Amino acid sequence: MEHTYRLTISCPDRVGIVAKVSQFIAEQGGWLTEANYHADAETTWFFMRNEIKAESLKLGLDAFREAFAPIADEYGMEWNLVDSQQKRRVVILASHASHCIADLLHRWHSDELDCDIPLVISNHENLRSMVEWHGIPFEYVPVDKNNKAPAQARVMELTSQYRADCVVLARYMQIVPPEFCQAYAGRMINIHHSFLPSFIGANPYQKAFERGVKLIGATSHYVTEQLDEGPIIEQDVIRVSHRHSKEDMVRLGKDVEKAVLARALRNHLEDRVLVKGNKTVVFD
Amino acid sequence: MEHTYRLTISCPDRVGIVAKVSQFIAEQGGWLTEANYHADAETTWFFMRNEIKAESLKLGLDAFREAFAPIADEYGMEWNLVDSQQKRRVVILASHASHCIADLLHRWHSDELDCDIPLVISNHENLRSMVEWHGIPFEYVPVDKNNKAPAQARVMELTSQYRADCVVLARYMQIVPPEFCQAYAGRMINIHHSFLPSFIGANPYQKAFERGVKLIGATSHYVTEQLDEGPIIEQDVIRVSHRHSKEDMVRLGKDVEKAVLARALRNHLEDRVLVKGNKTVVFD
Amino acid sequence: MEHTYRLTISCPDRVGIVAKVSQFIAEQGGWLTEANYHADAETTWFFMRNEIKAESLKLGLDAFREAFAPIADEYGMEWNLVDSQQKRRVVILASHASHCIADLLHRWHSDELDCDIPLVISNHENLRSMVEWHGIPFEYVPVDKNNKAPAQARVMELTSQYRADCVVLARYMQIVPPEFCQAYAGRMINIHHSFLPSFIGANPYQKAFERGVKLIGATSHYVTEQLDEGPIIEQDVIRVSHRHSKEDMVRLGKDVEKAVLARALRNHLEDRVLVKGNKTVVFD
Amino acid sequence: MEHTYRLTISCPDRVGIVAKVSQFIAEQGGWLTEANYHADAETTWFFMRNEIKAESLKLGLDAFREAFAPIADEYGMEWNLVDSQQKRRVVILASHASHCIADLLHRWHSDELDCDIPLVISNHENLRSMVEWHGIPFEYVPVDKNNKAPAQARVMELTSQYRADCVVLARYMQIVPPEFCQAYAGRMINIHHSFLPSFIGANPYQKAFERGVKLIGATSHYVTEQLDEGPIIEQDVIRVSHRHSKEDMVRLGKDVEKAVLARALRNHLEDRVLVKGNKTVVFD
């Protein structure tokens, strides 16, 4: 994977933003390997992602940031500059179900996900062996009715201790406290096992089965304090019919869940997802 | 299209139904061109569709019905026997939007839909010329706040007068009164412009746009008194992204709507859809 | 639809292209409603599409061209500047099958396709009434074994006489002579009824049926002198199974064909398709 | 998973087959949990799959077979009766790539694939640890230009020694000798990394990249002596664009490959795939 800097920007739209930014990049010798722009007509907000060959730049990361800051100020930009070689640290929270985490770990193991996975936390022990086979520490933090608060505190403590840049809820199935959501706003990714906003809340496959839908789906979104209401990163569906029992839907749904979560995480790790309000721009 | 009899059955599941029915058919010399069976484990209800070459049968339609009735009684069957050459009469209700009705009329014109279309009713005049070009009568029944009841009565009167076997709401966008729903229970098909149960009610594309979903869809269902709650016959989706405005979603959604409605109607016309409670079995 | 200028560019990749072009646009006051960039790593070729609000520009079309020419020269650009209000003239060639042309005409009639359709040419008479209902002239140019050359000449003559900017082969099913391909290179769009490069040549559904494939498809491509070998603009597929006869495949395939052709044409008309060698960049 | 007997039949079509078979099943007290029928109009061949609750039957497997044989003879049936509790033994052949085998092993580990996996054979060592973590023996059989025949002999010997009922080529990438194909006719499943018949042979992603297709795919088929020509069980595709390099296609293709192979194998293990000539009937 090529060594690049990724510059993501969002700001109020006006004439000349692309010119200003690309002029700046060109002045630093920056060779664009990819550039994406989106002007949102509804909000008149502008979004931009530039991927620049690191070796083409005359400046290092800090000098680039310093030199770019005045432009960012002038245009009222929210912006971020990332070095593709600084791997993000992704802590995964899982529960009993193995399909999403097995898929993520295999992709990571196969160099498909460009990140470190310093820790997996689960409220069940059953995934320990699989996680540890990958050389990743596994922490068991059981949750029951009586220990929710201390369990949540322990999860947050571990996440902090392992310096997570990003948290993935790989079918974690436990409530995440507001302070955790806030601490990882735009950096905590959940996979919901329905095509949101259909079947919000618990037991979506049961509800889908009862409603007799002909497609079931999954949704990956950033976690906010409102359950299942955060900005959607990716969704997909699969066809079902009367021949499928609720158990079949659960089984078929797994394939959609893991695919959707993996695509969402990959896009997040490549800084392709920009959030504005409750919506995302995904430059994939 | 081959001349066939279609025998559809649903009844409580038990040992020997297939044997009994297929034995009966074989005794009449019936050559099965297609046979479908579904045993629903949840409801322990059994569904069956047999398509039989008409020329292979020793019996005509009425004699077949008479001879089969004792078996149906013995097994507590709800059943139906249809002659594929007796074309169903489909009255289409439309509003201003042309995409669904243009699609249906073209398919009918191209012999893709095996039915007669004796009448199109609309609360706008704009589709008259297109409908009449197809040689189909067009009735304009305007609806406004003050004439809803008489307009509804007129629609029902026309539907009855033209002896509709089936009513299709091709983006009709008007409330259908309960007595109309009841009169055409299991024979009135609607296309809803969302992936139900997401975005029930009005303006689904606006809601989809606001929620930032990554797929939009359409749902064809039998109309019941509960708005958007009837048994789903067919659904499909199409991918959207941040690049799509609400207007783009409306445009892209049209393609899904017309495809979903056409598939639902075709399956209905071929007696492939069996309803049980609020769900369908679709032997496609 | 907003009045815009569309500037499409392709050239050898190097540092500073985006800066140079966007700087120029900004200097003219140009407000970008959409901008797309692609740097092809394999060919080190760069592709760019800018859509600019016409009213934001200080320059008219000709003045813009004149002012931009030196930049284009400096960077060795192939480029094009289009006024979105100058509708392209699309001549459609059809044969007996109606599904693609009916779909295109309905989209055009519904303002989904931003073009004029000054003429439809067919080697059969059966579509005349449908075409003329849309207010479009219809020319019947029969083709048989003995008149191929004069028929081809007549088609080219008519296309020229009606000043076609673009030619669409909507299941025309006749060989197009090399000089016609050359005259409309990059402006003549065909729909092939298979998922190319599978089943090149005649009777693809028959071949698909015999091979027992589980998906069938369609391909829209620019026409070149090599049959079915031109740059692909769009493709799609639909699922089939053992239950589908060859006739079913033909029927199901129609829906894919018309959808694929409509998407390809729409992208072409919006100057979203850039050709390089035998491949396309589609900024959709 | 319920204990069932699966009776699959194919024979020349005629009146009364369903009656005869279902009559027989009913006489033995057989409760059908699923029944599928297909009459192929082209070949006038009939296909049937019956799944019967084991506990409902008065007969054991051998007695059922003996009692059914006269019917089978009368109708010229090719038939098979399988006890769902007798797990099939699946030997997997892999090479260096891990995605398909990791997916299969995880599904097996999660009880999604109803089989035993007594052995994995590979011509590389890199997968040993992953395989052995699952408690499955791993045999390394290197292949090079000079040892092809003995390597093939060793693979066949191991397959035989571990009493494989079914062989899966999970991106094995080595030629399989004719006698191996014959020994496992209809029981050896390959995954080809293209949408066959597109891009037969080596390097399909390279070819797809060069041709500029807009969808790439994968095909699972029974292995025959003709490379990539065997009966297709399952296919699927994924959308690509100019933004995707050949490496991206390889990566995206992996997801299609593993999904297609898993679905094909699952259907095979549930006796849902019936082969006739070079085509399959898949009762999914």
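When the chains are written out, they are named A, B, C and D in that same order, and each has its own residue count from 1.
One rule holds for everything that comes next: a contact is a pair of C-beta atoms (placed from the backbone, for glycine too) under 8 Å apart; a residue touches a chain by one contact, two chains touch by 3 or more.
Owing to the predicted nature of the structure, the values given are computational and were not obtained by experimental measurement.
Participant: Would you kindly say which chain has the C-alpha centre located farthest from the C-alpha centre of chain C?
Facilitator: Chain D.
Participant: Select the interface copy of C-D from among A-B, A-D or A-C: the correct pair shares over half of its contact pairs, counted by residue number.
Facilitator: Comparing each option in A-B, A-D or A-C with C-D, the repeat is A-B.
Participant: Using Cα averages as centroids, what's the distance between chain B and chain D in whole Å?
Facilitator: Taking the mean C-alpha position of each chain, the two centres sit 37 Å apart.
Participant: Determine the centre-to-centre distance between chain A and chain B, using the mean Cα coordinates as centres, and give it in whole Å.
Facilitator: Those two chain centres are 41 Å apart.
Participant: Would you pick out the residues of chain A that each touch at least 2 other chains?
Facilitator: As it turns out, chain A has residues touching two or more other chains at 34, 41, 243.
Participant: Give the list of chain D residues in touch with chain B in this complex.
Facilitator: Residues of chain D touching chain B: 14-16, 18-20, 22-23, 25-27, 29-37, 39, 41, 56.
Participant: How about chain B: which of its residues touch chain A in the complex?
Facilitator: Residue positions touching the partner: 38, 40-42, 47, 195-199, 209, 211-215, 217, 231-237, 241-243, 245-246, 278-282.
Participant: Can you tell me which positions in chain D touch chain A when the two form their complex?
Facilitator: Of all residues in chain D, those touching chain A are 34, 98-99, 102-103, 106, 109-110, 112, 129-130, 133, 243, 251, 255, 259.
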